[in-house]
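Just passing along the structure, written as structure tokens.
So that you can tell them apart, the chains are marked A, B, C, D and E in the order they are listed, and the count of residues begins at 1 in each.
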Amino acid sequence: MINLPPEGWDALWLSLRVAGLSTLLSLPVALGVAVLLARGRFWGRGILNGLVHLPLVLPPVVTGYLLLIALGRTAPIGVFLEETFGLVLAFRWTGAVLAAAVMSFPLTVRAIWLALEAVEPGLEEAAATLGASPARVFATVTLPLIAPGVLAGAVIGFAKAMGEFGATITFVSNIPGETQTVPSAIYSFLQVPGGEATVWGLVALAVGVALGALLLAELLSRRVAARIAGRA
Amino acid sequence: MINLPPEGWDALWLSLRVAGLSTLLSLPVALGVAVLLARGRFWGRGILNGLVHLPLVLPPVVTGYLLLIALGRTAPIGVFLEETFGLVLAFRWTGAVLAAAVMSFPLTVRAIWLALEAVEPGLEEAAATLGASPARVFATVTLPLIAPGVLAGAVIGFAKAMGEFGATITFVSNIPGETQTVPSAIYSFLQVPGGEATVWGLVALAVGVALGALLLAELLSRRVAARIAGRA
Amino acid sequence: EPVRVFAAASLKTALDAAAAEWAGGTVSLSYAGSGAVARQVAAGAPADIVVLAHADWMKWLDAQGVLGTDPVIFAGNTLAVIGPVGDAELALTPQDIAARLGRDGRLAMGDLRAVPAGIYGQEALVALGLWNGVAGRIAQADNVRNAMAFVARGEAPLGIVYASDALADPRVAIVADIPSDVHAPIVYPAAVTASAGPMAQEFLSFLQSSVGQSVFRAAGLQEPPK
Amino acid sequence: MLRIELSHRFGDFALDVDITAGDGITMLFGPSGAGKSTIAKAVGGLLQTDQAYVQLGERVLADTSKLLWLKPHMRRIGYVFQEPRLFPHLSVRGNLLYGAGHDTDLARIADLLDIAPLLTRRPAGLSGGEAARVALGRALLSAPSLLILDEPLAALDARRKADILPYLERLRDHANVPMLYITHALDEVARLGSTLVLLQNGKVARSGSVKDVLSDPDAVPVLGPRMAGAMLEGHVVRHVDGLTELEVSGGLVWVPGTAGAVDTKIRLRVMAQDVIVGTQKPQGLSALNILPAKVVSLHRGDGPGALVVLQSGTDRLLARITQRSLDEMSLAPGDAVYGILKTVSVGPTDVFAGLD
Amino acid sequence: MLRIELSHRFGDFALDVDITAGDGITMLFGPSGAGKSTIAKAVGGLLQTDQAYVQLGERVLADTSKLLWLKPHMRRIGYVFQEPRLFPHLSVRGNLLYGAGHDTDLARIADLLDIAPLLTRRPAGLSGGEAARVALGRALLSAPSLLILDEPLAALDARRKADILPYLERLRDHANVPMLYITHALDEVARLGSTLVLLQNGKVARSGSVKDVLSDPDAVPVLGPRMAGAMLEGHVVRHVDGLTELEVSGGLVWVPGTAGAVDTKIRLRVMAQDVIVGTQKPQGLSALNILPAKVVSLHRGDGPGALVVLQSGTDRLLARITQRSLDEMSLAPGDAVYGILKTVSVGPTDVFAGLD
């Protein structure tokens, strides 16, 4: 087995929770935004598009810093969230979830977007003529057809969330057991002369988990695609 | 105009060069790898897939460190490159290009991959029956059909390259005028009490460039897609 | 409730050891760059104690009004020029440094603006009259450890890091000591925050106690300058 | 009642039609590129034309002058597209039931279309004809208040077509679903249609009841000479030897099969090219049906053929003969002649229960 | 020569055929799901069947027993698919020229298929029939050494079909390109085919020269009663009044149009249902063609119809009449009778230049 100090295991467990939750929570939003971007023709579409991609373009530290400015405990929104919902993000694992979600958001959205563009409009038309409302068409035709794309988006989001460092450490810092994800832990151990063994252990674990998820998802997605193509 | 110290402008210019070149150079490779992954059935496909995604999963610093270990001046490959091609990567802007390419690679590959999966096989079959060799089918049917996906991949790669920080600074450090990209400059100024003005100036520039590229590319890609769909 | 310490990452070895020694309670240590730590504490981070690697950031923090006490200096450090282990002593002259750097060798340092060791290092180079010779040759890293890694991996023939770090990596060796009077004193200021719990002051006192200080000496840090 | 007023431009192509169709099946017939599918799409709500007024019964589905444009799913219009458009992720069964509330009719329709063995299959594995049949069944099962069929039988072989036609007929007669039916096949027009709209180049070239348009010599150039024919109406008299004797206004006619119960009203389509004109009553011929008639008019075409319009009782018959024969027999309007139909040329697809 | 030996399983469906086809056009005819497209795909190299031996002329394209399987682009086989499969990113012109080295024949084929006005358009804006014509033109222009056509005319209207058929004929006769032609339309079979392969359920039900299979009373159940007919061979005697007089072995026959120069060999298809049997020579009829003949055999079917095989000179004629007529005329083998064909029932699509 890999020999890790307890905080290494804590970090792994936290990373899994953070990446899992961020994927789960952001997926519906990403789906909605992807639909808006792929199908919508509205004022502000360009702005939404830019906003979604911002975390990709900015150095992660800046994104983290912007999050801190916007949602910190002394920032207006942060105060509002805390007073209204009792939700504190900065320096909490919840904030790590948010940071991971924000950072992986453009990747997830793009994967779903591309899948949406590949859906044959003829099929959605056919569903409409069969009396299906746009919502039903979406749920019963569009969604199943983009399922592989959604899955791909979720997985790339998860992988990105597992690897996210700059925004996370800036927004929620690096508190062992609370906000110290695997990348933060790796950063910490890299500061210690002789910390390499732990670093490589963590790297191996992180890579194992993320690639495992990736391959699993690809398998799944192939199976879904094969079902759709009628090969199974 | 935005008020920046000269090194800020240098950094912007360098970032543009680095991101542009990394996109240009990695695009054909990404295309090849995407084809292999989407169409190939070979031993080691899973490994290739994992390798491509590694930079996404790993904290960027680790990727940078791995690059340093693999391609540094004392590493066998680094020595080989230097002796054979006179190519030095560490501390050079060429290394920044490589770091940017590696970090954006998974994003570019995935975009192209998804586009490839959406190509109707019937069209490629039809081209083959018209006597086109697989290479010609690829060049004249597949490639034009995935053009929007390739463009999307290039742009997301470019955007990512503009924002890349961790791997770049770890691999090629932060040498003003040589390896100091916009994110490195931002990092540098962000850590100075009172450096915010410069930081925001750089952020605005970086965001402007990357989002500009993004929107331009989307416009282009819509036009290409419309051409394909025969709406133009 | 553990005492929460937000600390400069370059202090990890020393502070981890000190926390392990402290019998008064548990300590939770969160490491990041000094600048990041300072900004986080200013943004309301749940820190009882903040420990930085540069006095300027502490001054800045003080000005934000988030500190509960005046900062105390509990340790100091010195800089050293390092090279790959086995390299000969270096004379701090433009000629010798130029010779060691060769045609295109780099001098690895912390970021000259962002990393305290880089800031001190530049100050020293200027004072020693060496700056003009090396100004274009600096490879800045985003933290001291990465600067040291450049030397350890043979990428850079020389680097400037804390003496305490230099001792800890077997792949590098100190080739020249930098006199401590050519730059602002390297000090590690610590302070209890305004929102600190009752145990915070105790841990801070422990760091200044003889037990705490011996832990720091063992980690290569020095006594705070008088 | 279905009212369709559309105009639209696609580059050079300009569509401009005003069609009123009663109940039953309205056939859109015209060459490729005439605008048939474009009309169908506009009625279905899938293509918003520059100008549109579409009314189905009491419901106005579109009125661009009032900015009214119902979405496709609000129109309750079933649509069979030129391509099958099956949902690839659903089984054949899932496709069939997509628009149906329940599966009461599934078994019946699946049997009818001969797709029962395919129910658990995925669309990707279906042959062209199988897919077309599933698409047809899917639209039928969605219980629409108008059914648009865009060349629904084109991919089917003759036998299957013959199997499905009676079902469409039954649907027309009993389900009370008006249909807009696009086809290139005149036998489908004659068999199923109530109203026939001949389209050319985006315009209505002729329209009216199928009976009137088909037996109008002036429509022959649009329909093509081999497609001309007339429609007779009659009722069943008796069934003998697997044949049915019908009484039409001009006499008695035998048709194969047992078409309808005694007294059922029946329509017969008689192709002009299947009618022989005789000046004497023929003897010893295998053709059973000989109707006395009077020559109404003669229409010489550009080619070697000519059309003879005959009055037989109250019905009109068209006969297509060569101009050479015309001259040899020296026919003239008013002549008493015999119209000779081969029994078997009035085959099963040309006999149908009447609408009226 | 084309040799096709295949076997393959798709779940319940088992294909197992052994087909040898000469030059000219080999027609695959059979109900939906019979396996026609599957055979076409295997020959084209698009679907690797479990077992395959395919030989075209001297070239063996596939031999699974020797692990030989040429890739589609090495087979030089043009393919018109059941769907158009046009390249969406290329103009119609680009599509047409995709497989052609040069554009020498472009204008001619574009004119012929009536797609010249579409050349600069994109496939997405084409109607169903327009797309089908472009797909056909594209395959024609690729100069293949075998052309596979999977229901190429199904989406075309009758007039366009009639326009394109002569071109396919010319191709067959002059370009020396063998074709594998899948269709549901027997008029295409009769018009174009040299060899006819009747498929049912993945097996060859009957095969042979089109002439033999079509005039074989035993094939009628497979073809459908309304499709039965015979083939006559003759040559052009003269052209009068826009008609052509042909000499067949049993006598003289008039057909409309000027079909071929004097002495050209000609094939005529005469549908069984277009033949009337008379025991006396009829007088005063608009039908010009009356051939003396002898009854060879009588075949009563299950329904009301019966087939009469007639010998006329050296040719066989099939006549489909009612059993009632059969009884009334008390026909028996050996009886001397007259076969009466309406001139115009031998319409333009049923006259063709012979192959032999």
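Quick note on the criterion: a residue touches a chain if its C-beta (ideal position, glycine included) is under 8 Å from a C-beta of that chain, and two chains touch if they have at least 3 such contacts.
Protein names from UniProt, one per chain: A, B = Molybdenum transport system permease; D, E = Sulfate/thiosulfate import ATP-binding protein CysA.
None of the values given here were measured: they were computed from a predicted structure.
**Student:** Any chance you could name the chains that touch subunit A and subunit D both?
**Tutor:** Both-contact set = empty.
**Student:** Farthest from subunit D by Cα centre, which chain is it? Let me know.
**Tutor:** Most distant chain from subunit D: C.
**Student:** Could you find the two chains linked by the most C-beta contact pairs?
**Tutor:** So the chains sharing the most C-beta contacts are D-E.
**Student:** So the centre of each chain is just the mean of its C-alpha atoms; given that, what is the distance between subunit A and subunit B in Å?
**Tutor:** Chain centres of subunit A and subunit B, defined by C-alpha means, are spaced 20 Å apart.
**Student:** Nearest whole angstrom, what separates the Cα centre of subunit B from the Cα centre of subunit C?
**Tutor:** 35
**Student:** Quick one: subunit C and subunit E, Cα centre-to-centre, how many Å?
**Tutor:** Here the centre of subunit E sits 90 Å away from the centre of subunit C.
**Student:** Please compute the C-alpha centroid of subunit B, do the same for subunit E, then give the distance between them in whole Å.
**Tutor:** 57
**Student:** Residues of subunit E that touch two or more other chains: which are they?
**Tutor:** Residues 83, 121, 125 of subunit E touch two or more partner chains.
**Student:** Identify all positions of subunit B at which a residue touches two or more other chains, and write them in rising order.
**Tutor:** In subunit B, the residues touching two or more other chains are 61, 65, 166, 187, 190.
**Student:** Check each residue of subunit C and list the ones that touch at least two other chains.
**Tutor:** 36, 146
**Student:** What are all the touching pairs of chains?
**Tutor:** Contact pairs between chains: A-B, A-C, A-D, B-C, B-E, D-E.
**Student:** Which bits of subunit D are touching subunit E when the two form their complex?
**Tutor:** These residues of subunit D touch subunit E: 10-12, 30-33, 36-37, 82-83, 117, 121, 125, 127-130, 132-133, 150-151, 154-160, 162, 184-186, 224, 226-227, 240-243, 254, 256-257, 273-274, 276-280, 282-288, 303-305, 308, 319-326, 329, 340, 342-345, 347, 349.
**Student:** Using the touch definition from the top, list the residues of subunit A that touch subunit B in their complex.
**Tutor:** 46, 49-50, 53-54, 56-62, 65, 106-107, 110-111, 114-115, 117-118, 148-149, 152, 156, 159-160, 162-166, 182-183, 186-187, 190, 199, 203, 206-207, 210-211, 214-215, 218, 225
**Student:** In the complex, go through subunit B and note every residue touching subunit E.
**Tutor:** Those in contact with subunit E are residues 122-123, 125-134, 136-137, 140-141, 144-145, 147, 227-231.
**Student:** In their complex, what parts of subunit D are in touch with subunit A?
**Tutor:** So the residues of subunit D in touch with subunit A come to 44-46, 71-73, 75-79, 81, 83, 85, 87-90, 98-99, 121-125, 138-139, 142, 144, 148.
**Student:** What residues on subunit C touch subunit B, complex-wise?
**Tutor:** For this pair, the touching residues of subunit C are 33-36, 38, 56-57, 59-60, 106, 108, 111-115, 138-142, 146, 149-150, 153-156.
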